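These notes open a run of structures that come right after.
Both complexes shown next keep chain A, but they swap its partner, so chain B is in the first and chain C is in the second.
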Partner chain A sequence: MLHDMSFALPQLLRGLGVTLEIGAIVVTAGSLAGFVVGLSLLYGGFAVRLAARLYVDTIRGLPVLVLIFVIYFALPAFGLRFSAFQAGITALSIFATAHIAEIVRGGIDSIPRAQMDAAKAVGLTFWQRLHLVILPQAVRRMVPSWVNVAVEIVKGSALLSLLGIIDLLLAMQNVVGVTFSPLPFYGLTAFLYFAVNFTISRIGGLMERRFAYLKY
Partner chain B sequence: MAPILKISDLHKHFGPLEVLRGISLDVDPGQVVALVGASGSGKTTLLRCVNALEDYHKGSISLGDEQIGYQELNGRRVRLPESRVARQRADLGMVFQSYNLFPHMTVLDNVALGLVYVQKKSRAEAERIALSWIERVGLAEKVKSYPFQLSGGQQQRVAIARAVAMQPKVMLFDEVTSALDPELIGEVLAVMQNLARGGQTMLVVSHEMMFVREVAHRVVFMDGGVIVEQGPPEEVLVRPRTERLQTFLTRFRGVLR
Partner chain C sequence: MGAYHFNWFLAWQSFPRFYWGLALGLELAALSLLIGSVIGMAGAFGRSFGPTWLRLAVMSYVEFIRNVPLLLLIYFAFYGLPKIGITMFDNVWSFVVALSVYSGAYLTEVFRAGVNSVPVGYTEAAKAVGLMPWQRVRLIILPVTFRIILPSLSNTFISLFKDTALASAVAVPELTYAAEWLNVNTFRTIEAWTFAAVMYLFAGYGIAFILRRIERRYAVIR
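== the complex of A and B ==
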């Protein structure tokens, strides 16, 4: 057992590293792009708004796995070839972008219109109104849903093992394939996933408390 | 004397509902003009048009010799770019019925915001000016408080300080005491009265007839999107000529005698 563990642990930790790397890249990319798409949903001209709405609604209606397979298996037919890692990151980022866009839109939309009026009356320009008045209030309301997306992404990254990316899940399967002792390693893997997501939730909780002075 | 604010033949409708049907109104520098009328008569909409918070369909509004919110291009009226409108709004101060302070900022930051980001003053200079206005509205001990820690009357005084600190050419007051508990109304009106005495040009929508009578140089009665009657308060409020104004004023008989 001890021997199994010393063989398995480095592999699982390497898998965990890959899972964390995927999560970090996807959440960062999805947040940045989602922010832009979310603003487009609210403030874009007609065509931009329509395009953003189509994107968000289409992607949110698809299972992530379909997205992953389309990008990895179907796009090469059109001459777009990605490595498994690139395809996985791209698919998850497209998914995260759509969800975060909707969160950004909802967060900003939930701020009373009167705040925008007051910011206009002060003489602030559009971008000043957004970053000085609206976003500081809206971000707080986005945090809980944003945490949900981050957790979904970490869990969803397990799907990338289907492309042969040795993330935490595939590392676990490899380990179990060699040691033939599923229970401890399934348990350990589940615990690692839980630990990552619990940490994300805690960070979200801290951020919410950081904005606790925001009362109406 | 040339008027500082000139509203000409303003028309606005929300769908089929005509809210403003040809409003013309001049405000001279240093003048306090009160807009009175029943709710739905278009007073608030008129005020919001002046600050370019609403579009309108016909007419024009000028501050000094600059048209607000629009320009004439080849005989057509075109909305000015957002950045130009923002600069124009900096010359107009507005106070709202629901205060609309920024809840994530202290009192000091609320008042200093426009000075720093619109007037591009240094942080220290902006805070010095902000502080002097916060003192003038009697809230020196609240500079570090957040809006939720203040009473409605205190919040509204901060909102006034935030607007006047920018030294606007015209101040717009939109029913600023309507959301306040009766015992808090006086402190806000006192601040406004001081501003008026200091020569601030003001366009005031109010239902406080005592205040209007005492402070306003001119009272404008609106009904159904038009100006029905206007003149000095002693005339308009005490000897109304039209039946519509007489009916409106019966509600205030107690305060106006």
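== the complex of A and C ==
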């Protein structure tokens, strides 16, 4: 058992590193792109709004796994060559973008219209209104859902193991395949995922308190 | 690009495979929603009214499952359970077990929110007319809870339906598996995945449309 552990632990930790890397890249890319798409949903012209809505609703209506397979299998048929890692990152980022766009839209939409009117009345430009008035209020409302998406991304990254990317889940399967002792390693892997996601939730909770109107 | 020749006929020929895959996905989602609701209801009552140890147990179950990838649970149910002597589940049923345990955690939260949002006055009124605890639950709390959580239940059903795509990882012949099958056997990659994606979208939004109408029918305030 101890021998198994000394063999398995480095592999699992390397897998954990890959999972964290995927999570970090996808959350960053998804947040940036999602922000842009979210703003397009609200303030774009008709064509932009329609395109953004179509994008968000299509992606949110598909299982992530299908999206991953579409990117991985179907795009190369159009002559686009991806490595498995690039395909996986791209698919998850497309998924994250759609979800974060909807969060951004919801957060901004939840700010009373009068705030925008008041900001117009004092003569702020569009970007000033957004940057100085709307976003400071909206962002704190986005934090809880944003944290949920981050957790979903870390969980979703496990699906990339189906493309042969050696993340935590595939590392676990490799280890189980060699040691033939599934239970300790399933447990350890589950614990590692839990630890990562629980930490993210906790950090989210801290951020919520940090950005709250009322401090207790 | 030039090398790819579209052949929609092959994809169309295997339409029954896709169709039955879709039907199986819906069945799996419905079954998991049903079992998950039983777990969720028990969990919600345990969490709200149970002794401390039970509350702690339910809380750890919910937190643990919600922070672990579904695919891990599926693998555990399919590869892990037989190793500890539970060999009665084939791939389809082990998937149902995994998805039910997974949805049970989410539904515990849903039911808890529902049970807690039943106004205290209802329970008091039920006590005042002399209903027993079990009668209060069955006649007052559950019907009201059900109406309150109906939108969350239908959202859960749709996301469970999308989660059934993961069943393809343990070779359950649902929609994603049909697309994989077509892809591997005919190399009609784009057709296969377009078919699957369009069917998921139609099914998902179709169900959402129907469920919204049912919700409106049972809404607390019309």
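What we mean here is this: the second predicted complex is superposed on the first by the 213 of 216 C-alpha atoms of A that agree within 3 Å, B and C clash if a C-alpha of one lies under 4 Å from a C-alpha of the other, contacts with A are read in each partner's own complex, and residues count from 1 in each chain.
Basically, a contact is a pair of C-beta atoms (placed from the backbone, for glycine too) under 8 Å apart; a residue touches a chain by one contact, two chains touch by 3 or more.
Just so it is clear, the model here is predicted, and its values are computed rather than measured.
Student: Touching A:117 in the superposition: chain B (first), chain C (second), both, neither?
Tutor: First partner only.
Student: With both structures placed on chain A, which of the two partners, chain B or chain C, ends up touching more residues of chain A?
Tutor: C
Student: Who does A:9 touch here: chain B (first), chain C (second), both, or neither?
Tutor: In the superposed model, A:9 contacts neither chain B nor chain C.
Student: Which partner does A:50 contact after superposing on A: first (chain B), second (chain C), both, neither?
Tutor: neither
Student: Output check: A:206 vs chain B and chain C. Expected answer is one of first, second, both, neither. What do you get?
Tutor: A:206: touches no partner chain.
Student: Now for A:161: first (chain B), second (chain C), both, or neither, which partner does it touch?
Tutor: Touch partner of A:161: chain C, not chain B.
Student: Of all the chain A residues, which ones make contact with chain B and with chain C?
Tutor: Shared contact residues on chain A: none.
Student: Please output the residues of chain B touching chain A within their complex, sorted ascending.
Tutor: Within the complex, chain B touches chain A at residues 51-53, 82-83, 86-87, 89-94, 96, 98, 100-104, 113-114, 117-118, 146, 148, 159, 162-163, 166.
Student: Show me the residue ranges of chain C that touch chain A in the complex, using the header's touch definition.
Tutor: Per the stated touch rule, the residues are 1, 4, 63-64, 66-72, 75-76, 79-80, 83-84, 162-166, 168-169, 176, 179-180, 183, 189-190, 193-194, 196-197, 200-201, 204-205.
Student: Quick check on the complex: what are the chain A residues that touch chain B?
Tutor: Chain A residues touching chain B: 112, 114-115, 117-126, 128, 132-133, 136-137, 211, 213-216.
Student: Considering the complex alone, what residue numbers of chain A touch chain C?
Tutor: That would be residues 58, 61-66, 69-70, 73-74, 76-79, 151, 154-159, 161-162, 169, 172-173, 176, 182-183, 186, 189-190, 193-194, 197-198, 201 of chain A.
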